[in-house]
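After this come two complexes, each holding chain A, first together with chain B and then together with chain C.
Right, the complex of A and B next:
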């Protein structure tokens, strides 16, 4: 009973928050509404007994991803209203509905057609975090390591992209401009060395 | 009133539809990223629900990897967005036409 009440409450809250995220013209409203929606999503994980996943959801999304977006938005002009081009809203709604039906069919199809066996059955004798650790570090060790390498690559890419001198495109510049830029950078380094 | 797997799958589909509408109507790239986060989260809810109602940890494992991929996508995507904003001063999708021949 309480489970159902919690489910409907958080379902309504999540849908409202994500609708605000999608529909608002203010970037800051969208950011805060999405942060709230992410926290409400973690409630479903706790209801479903996936405690570790819920904790990870809060830490990664509302902690890391939202902070990253907040820092990123400092670079952009967020006080201005976002300009949207809406040429055919009915088309968008029809496509969205069709895609949702398609997703339901895709998710339901294997459940309806075959009787499934659990590869890694849920073990009630240990806690969720412990069981997750046992499955993750035995059966899913290789994907785990690959994900770690991918995160490292993403971190380096983020550092390099947000670094200095990435705002100049060598492909879009003429040869003279590139030569001028090189000459200027040599001058400045020599000055620094002289002092 | 008993909750079933279908409740969660319907919720997941609704959230996915909201995200998809966002992806289709947004022209601002930052708002487009927000919509993709909603898409990934909608799928995560479905994964966790199937994991619970089928008694299998695989769904939760895939949800973890989806979260890892989402985090790295944000890092790289936001870096590219900052570079683009520094160069052009705009983050509108319609104005990214520098590859037109």
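Right, the complex of A and C next:
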């Protein structure tokens, strides 16, 4: 009974949140509603007993992905409404409707054929973090390792890109030095044939 | 699920909320007294004996103050941001075992709201969500300094979440479980079994990250004192500002519990002596937050990022690799 109540509650909350995300013209509402929606989705994992995936859903989507969106929003004036340019609203409605129907079909397709078999049935003798570990390190080992290497490369590249002038601190330099540095960097870009 | 379970859980939640809200209030008193002692002042003295009722006076002031909503702010987001800070702080407490099991009136009590088997992951995740309080508060405020402060706090939180996550990985590899109770039981053998002896680097890294994630002094960039205003909280007044404060102090207590449970043996074998030892350890870590505030200046933003990405993160990764090698061979 509690699971049903929790499911319908969180389903309604998730739908409302993502509707706000799509419909609003205020960037801050969209950001907040989407972050909240991501947290509400984690509730479904908790209801299904997949605690590990639930916690990961919160950490990855709300803690990391949405926080990066928020970083992007710093460049805009988020207290103003966004004025959208709608050239062909009918086209948008048709495409959106088709996409929605397609998603429903994709989700419903396996339910129609009643003989559902889990490739990896739940092993009750181990906890669900162990179960995920087993699947990740047997069937999905190569994609998992490739993803890990790609993330490592991205991290190192990020540090290299951001750390280029880390040894120089603008707060510790005199004004003349800063002007000199800007002049120098301007020269080098011109020498490289920028213009 | 029976009725007893629901009633028990609700009682636990209410007790935790009441105790830690009160502690957050008392925390401000301790902080002022400790800082005053270290700076050779008296601190709060006038309200009540030793200024003890200052907490109540501050509380009444915050509750009765006018709740000012400035004109150009994004109202719903501006209103909800302090609630996010306080709520996430208390939600994180759901997976923390505050006390070993005990029986009262013949009824066995587990002093943990939800004993999920990914406890530490849940606590870290919810604390990560706490970032949205300062972030949304600053962005909705229609104030340039609030916005800059929000950007700074987002940068600090995201960077130091990497440190706390990587630092915890090494001890978790040794324990082989994400449950805080399992981690505690792993060290139940006494002081020699504490993880701090086998993982000193991870301990120091996580401790440093704890300062950043609660926004305490060496990393107090979130509300930069040098700007004379209160960072993302500039436009707030009354209880909404107070909620930011409660969230910060509750977070300090909860992260102290987490450090004590993961690295310093927690409540040990579950005896009453062990339980009081846990409270002593937590008190020490809370005191250390205040001590650092009295003793250290703030670091600059570039120093903060330098420390995070060029010193702490490589150290954490090397620590994980070495731990892995030691466990394999």
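The working rule: the second predicted complex is superposed on the first by the 135 of 195 C-alpha atoms of A that agree within 3 Å, B and C clash if a C-alpha of one lies under 4 Å from a C-alpha of the other, contacts with A are read in each partner's own complex, and residues count from 1 in each chain.
Note that in this section a residue touches a chain if its C-beta (ideal position, glycine included) is under 8 Å from a C-beta of that chain, and two chains touch if they have at least 3 such contacts.
All figures in this text were calculated on a predicted structure; none of them were measured in a lab.
Asker: Let me test your reading of the model: by the given contact rule, A:67 touches which partner, first (chain B), second (chain C), both or neither?
Answerer: So A:67 only meets chain C here.
Asker: Kindly classify A:30 by the partners it touches after superposition: chain B alone (first), chain C alone (second), both, or neither?
Answerer: first
Asker: Check whether A:126 is in contact with chain B, with chain C, with both or with neither, and answer first, second, both or neither.
Answerer: neither
Asker: Identify the partner contact of A:92: answer first if only chain B is touched, second if only chain C is, both if each is, neither if none is.
Answerer: The answer is first: A:92 touches chain B but not chain C.
Asker: Pick one for A:109: touches chain B only (first), chain C only (second), both, or neither.
Answerer: Neither partner.
Asker: Who wins on chain A residues touched, chain B or chain C?
Answerer: Partner touching more chain A residues in the overlay: B.
Asker: Mind working out whether A:141 is in touch with chain B, chain C, both or neither, as first, second, both or neither?
Answerer: The answer is neither, since A:141 touches no partner chain.
Asker: Thinking of the overlay built on chain A, is A:179 touched by chain B (first), by chain C (second), by both, or by neither?
Answerer: It touches nothing on chain B or chain C.
Asker: Looking at the overlay, what does A:55 touch: chain B (first), chain C (second), both, or neither?
Answerer: second
Asker: Using the superposition on A, tell me which residues of chain A are in contact with chain B and, in the other complex, with chain C.
Answerer: Looking at chain A, the two contact sets intersect at 31, 52, 56, 64, 68, 73, 159, 162, 166, 169.
Asker: Can you name the residues of chain B that touch chain A in the complex?
Answerer: Going by the criterion above, the answer is residues 1-3, 5, 7-22, 24-28, 30-31, 33-35, 37-38, 41, 44-46, 48-52, 54-58, 60-61, 63-65, 67-76, 78-83, 85-87, 91-92, 94, 98.
Asker: Which bits of chain A are touching chain C when the two form their complex?
Answerer: 2, 26, 28-29, 31-32, 35, 39, 46, 51-52, 54-56, 58-59, 62-64, 67-68, 70-71, 73-74, 78-79, 127-129, 159, 162-163, 166, 169, 171
Asker: If you look only at chain C, which of its residues touch chain A in the complex?
Answerer: Those in contact with chain A are residues 1, 72-74, 76-77, 80, 116-118, 121-122, 124-126, 128-129, 131-132, 135-136, 139-140, 142, 147, 150-151, 154-155, 157-158, 161, 177-178, 300, 302, 305-306, 309-310.
Asker: Help me check something: in the complex, which residues belonging to chain A touch chain B?
Answerer: Per the stated touch rule, the residues are 1, 3-4, 7, 11, 14-15, 18-19, 21-22, 27, 30-31, 34, 37-38, 41, 44-45, 48-50, 52-53, 56-57, 60-61, 64-65, 68-69, 72-73, 75-76, 82-86, 89, 92-93, 95-97, 99-101, 103-104, 107-108, 111, 116, 118-122, 131-132, 135-136, 140, 143, 147, 150-151, 153-155, 157-162, 166-169, 172.
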